[in-house]
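What follows is a short report on a single structure.
As written, the chains take the letters A, B, C and D, and residue 1 is the first residue of each chain.
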Amino acid sequence: MSDVVLRAHAVGKRFGGFTALSGIDLEVRAGERLGLIGPNGSGKSTFTNCLAGAFPSHDGSFTFKDAPLAGLKPHQRARQGLARTFQLPRPFRGLTVAENVRVPLSFGGRGAATMESAMACLESVDLAGKAHRMPKELTQVELRRLELARATALQPELLIVDEAMAGLSHTEVDQILALLFRLNEGGTTIIMIEHVMRAVTEFSQRLAVLVAGRKIADGPPADVLALPAVEEAYLGR
Amino acid sequence: MSDAIIPALPRPAPPRRLGHAGFWLAAAAAAAILILALRGMGSEYAYFAATFVLQYVVLATAWNILGGYAGYVNFGAAAFFAAGAYTTVAVGKAFGLGLLPCIGIAAMVGGALGLGTGILTLRLRGAYFAIATLCLSVVLQTFIVNWSYVGGSRGAYILRPRDVPFGFDSYGGYLCAVVLVLAAAAIAIARSIEVSRLGLGLAALRDDEAAAEAAGVPTLRLKLIATSISGAMMAVAGAPLPYLGSYIEPTSAFGLSYAVNAIAMPLIGGTASWAGPLIGAVLLSSLQQAATVTISSAANLLIVGVVLVVFVCVAPRGIIGLFRRRR
Amino acid sequence: MDPDLALLLNGVVSGLLLGGLYAAAAAGLSISFGMLDVVNIAHPAFMVLGALIVALLWAATGLDPLLLSILLAPAFWALGAGLYVIYHHFFERRGDEAIQGLAFFFGVMFIVEVGLVLAVGPEQHFVDAAYAATTWRLGEIDVPLRMLVPATVALAAIGALALFLRHSFTGRAIAAVAQDRDALRLLAIDPIRIKRLAFGISLAFAGLAGGALVVVQPVDAWSGHVFIGRVFAIVIMGGLSSLGGCVLAALAFGVVENVTASFFGPSWSPAVAFGCLLLVLAVRPQGLFGRMA
Amino acid sequence: MEGLSRRGLGHAALAAAITVPAMAKAQTAASGPPIRIGYSMSLSGGLAGNGRPALLAHRIWAEDVNAKGGLLGRPVQLVHYDDQSTGAQVPGIYTKLIDVDKVDLVISGYATAIIAPAMPVVMQRQMAFVSLFGTGVNADFKYDRYFSINPAGSQVKETFAKGFFDIAMAMDPKPRSIALVNLDSDFHQRTAESARFLAKEHKLRVVYDRAYPPSTVDFSPIIRSVQAARPDIVFVGSYPPDTAGMLRAASELRANFALFGGPMIGPHITAQKLQLGPILNNLVVWDVYAPEPTLQFPGTQALIERYQPLAAKENTDALGHYVPPLAYAQMQVLEQAVKRVGRIDQAALAADMHANSFDTVIGPLRFDALGEWAEERNLYTQYQGIQGNGIEQFRKAGTQVILYPPRYKSGDLRTPYTAGA
């Protein structure tokens, strides 16, 4: 097995006449922390959705752990170890916090869905105390942590974190970052999609930049952020 | 299916529910008491009224598996119900089989119909699914109307056998006992699903299908399982109908009141738990039966509508929800 | 003229006229279901309510039934606005519209129908419009005014509504609700007020369609059932929020029904029509005339 | 509106209450416990339009009997529940009537869909059962205590459309082709079957033969296809909403057929008579009663005269020519059998009904082994000379003349049918 866990080749997506994404090549190595940035509408979420299987058809291909992802439904990708969070937290509103986590534990096909493992999962995001609450009783940051807990319950090889920091306070961002670092130390590859630049630069080992559906830069954060094109894309908005 | 109904984990929530053994003991005791009480009354009418109510318990419980647990509103309950009834007619006529084998075959027909509906329509969400099931009902009724073997629009007669099986005092009593067993089985199935992995997956996809997929839930497969089980059970609810009335014709078998009741009963009782449809069905159908023989006018149809509207407005979690603050 | 050709032409013309009636019935729904996302399954029941009120008023006053239905429109508008307030208060606001909201309108449908039986009895009611006995002959083609006048009035009303939606500020706001509720907030328009207004309009159209229906045929409390499947099919085929699509789909539906009935026998026409819907749902969920979502 | 709804509510209350006999009016006072007659009746739902007039006729009968001193010296009491036109309600109603209310006698509600579900319950209790407007109900059950008040008799296929064809074949020139149109329903499948059978007998070429579904809205394609097939005569089986649509379409499409009609149930209902008016002229319609001098029996006129003011008050069918005479006759059969037997004995009642003939407001009746009329009496009538939409002309003889059977004939056929043109 090569150490490239994910390889995107010439990925593109059109909606009617509008090209949202085009010709994206991307490789992610196992254990890497990749930041994916770009202005609004640059195609980051489209890329995530293509990767997670939410759009059944797109151009190009993904290879995950040396096997093609084409034709796999989102839940099959999730079971293979490809987890994601949603930009806006989408808890199962009718289930308790603990039951929310039990869903991926039961269906992820990795490990037992015992109460202990659910509680362990919640403890890792500091939600154990609220295991029996309903999602509507949680604060915004707690919902994001629940979102992360649900993704990590799949014990993924690759985790895509879609704007988990938006609107959070400084300390809250730090909490989430700490959590992600811990996960990464445990061996999970993480792609962070983020607007909060402090978080991305602090977290990422490598940055990829999307602008208008194309990848315009890919490399170490300091180098990428220094590129005039990137600066223009961000400041010229 | 095999991986669908795996016994559940112990619930994290304060476990106020009974264990499996306790549940079964209680169910059997309730059934036995009911049968003895009815027999004690010695009235054929008591049997009929009980059968009427229990038939709705099966129907409402079945509807709730798809509607309540998975959140897919089926407006075509009458179609499945009638499919069961007409299975009894067709199979009874073709092979001369009695009620019990007919119920089994009705379950298969209903299950297949549910699966077919699922495959055709489950990519549709919300209102689209509801309307598609309504159309299905129209299509199926057209089919039955044009199928002369089961009587077409003329309707069909099913004569009750002269001899009463298993030492029951009358065929009405036998029918009542059969439907009682069906109701108990329906509730048991619903309860098992609710506490199983299948129930958890359905609850997840009810709240958010995309998020459920992302959490590894095979939503399409679970929905197909749910439509099949729900369809099979609704057909089972309808299977004894021809014996109840001895005559069946499409207009009343596909009657809107079955569709309305199948929706109203779980919503009134509460859709989150097996007890909801049970409570709703017992309450609403006995109310209707009582109204039929007391105030006896069009006004008693009004009961369903008014009770439904009032409940969905004022108590969206049903009667169960009034007592349980959570979920 | 070749008899088959005449049959076909007449089938098409009578189908278009029937389609006009369907358009009247579906236009209101295309606002409530298509634009506001309120699944008002009781819409045909309200249409029947309108038809029966028109029949009673006609018997009392002898005024033209279509005129009566237009006069009734404000009352139906108010009824719709009131209904929307209830719906919004109990369902939309709570985010419960999916199941509870559907059940609510199902219950409302039942209440309207049974209420009508209690109020006016189970019998059929009818009106006699002055023009109902006249038929225009255009060569081989017959155009009964009984069908033509309601269809024309309905299409004119739909046209007026389309103009209103396109050119007035409020109308554009209604169209915007269909697209994006947040956009309205930015414009400092209360989306609830707009939706209340729009739902009122949708019920006013139900009343108008009732007037058209009762000119065409006698009506009893359950006459709406025949239309439930048809109007939803039409709105979906028309691409939900597009009034023009809705009218085209209604006309197509009428033509398909009548041409099928002319050539293959009437027992096939519902099956063909609903087959079309299932096909549309399966192949083009955005509707025949709808834009890509 | 307010007045109407109040009347509606009043009606509901009336239906709710068990009809209590007017004992005060009794001349020779009926005494003792009442004889209770139980049944289900469609007071709401699709059959209510005929169910309510039937109930009214039953109540008139009960008042008549009680005014004359009751039955066997006891007052009669009607116990009825609304079945909402739903067959599924019916078994419950009859078990309740028999087991809980302990009624002495049962009769049926209106039409096959309501009669059939009552049969098993009634058969189990071995009760005599007089039904109203059922077709072929007893063909499967073969219950020897079943008696049907329906003029169609037991040989529906051979006799139902006979009158229509006899009239047609007597025309000059003789028709050579026929079109058949029928609603896809129990009754109309049987009527179309009879027409098909007789068309073959008479060697008529069937140029169009199609059933239409109950949800049909526009009938012009049907009429046009029939016209395109160029039949000499047209036999139509339809129910009220469709009959109006069919005849209006015929009128709009300038229909012109030598003979047009059949069991087009529709003008039987007063409201539709008035609405269609001159479109009915020369239409040949199957019927059960028409106010012609040839069809007057003791009590007929009295019943109609009693019925009409009550109907106006209760807002049901104004003329009452269709169901009420038969509903009243249903009760008369029961009454006469009870009187002859002298006690409430179900077996004896049934034996009496098989053995004797009955004098009713619709004429003398006799039942065959299956409980159908020994002699069918399918009337074929023609509307003639209707002008405008007034109700008075329909009360008079000569508006709906009887063409068949010959023994009741009151007028001559007029041709062609041009739908009012």
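Some notes on this structure:
In this section, a contact is a pair of C-beta atoms (placed from the backbone, for glycine too) under 8 Å apart; a residue touches a chain by one contact, two chains touch by 3 or more.
Just so it is clear, the model here is predicted, and its values are computed rather than measured.
When every chain is reduced to the mean of its CA atoms, the largest separation from chain C belongs to A. The distance from the centre of chain B to the centre of chain D, each centre being the mean of the chain's C-alpha atoms, comes to 38 Å.
Centroids of chain A and chain C (each the mean of its C-alpha atoms) stand 46 Å apart. One finds 74 Å separating the Cα centroids of chain A and chain D. Between the Cα centres of chain B and chain C there is a gap of 33 Å. In chain C, 114, 117-118, 122, 267, 270 are the positions where the chain touches two or more neighbouring chains simultaneously.
Among the residues of chain D, those in touch with two or more other chains are 11-12, 44-46, 48, 184, 213. Contact of a single residue of chain A with at least two other chains is seen at no position.
All chain pairs that count as touching, in label order, are A-B, B-C, B-D, C-D. For chain C in complex with chain B, the residues that touch the partner chain are 33, 39, 41, 86, 90-91, 94, 96, 98-104, 106-111, 114-115, 117-118, 122, 225, 228-229, 232-233, 236, 267, 270-271, 274, 277-278, 281-282, 285. Chain contact summary for the complex, chain D toward chain B: residues 11-12, 15-16, 43-46, 48, 80-84, 86-93, 95-96, 98-100, 112-113, 116-117, 119-121, 124, 140-141, 184-186, 189-190, 213. Contact residues of chain D toward chain C in the complex are 1, 4-5, 8-9, 11-12, 44-46, 48-49, 52, 184, 210-213, 215-218, 220-222, 224-225, 228, 240-241, 244-245, 248-249, 251-254, 269, 271-272, 275, 315-317, 389, 420.
Across the interface of their complex, chain A is touched by residues 9-10, 12-14, 197, 200-201, 203-204, 206-208, 210-220, 272, 326-327 of chain B.
Per the touch definition, chain C reaches chain D in the complex via residues 3, 6-7, 10-11, 14-15, 17-18, 21, 53, 56, 114, 117-126, 128, 132-133, 135, 142, 144, 146-147, 216-218, 220, 222-223, 226, 254, 257-259, 261-263, 265-267, 269-270.
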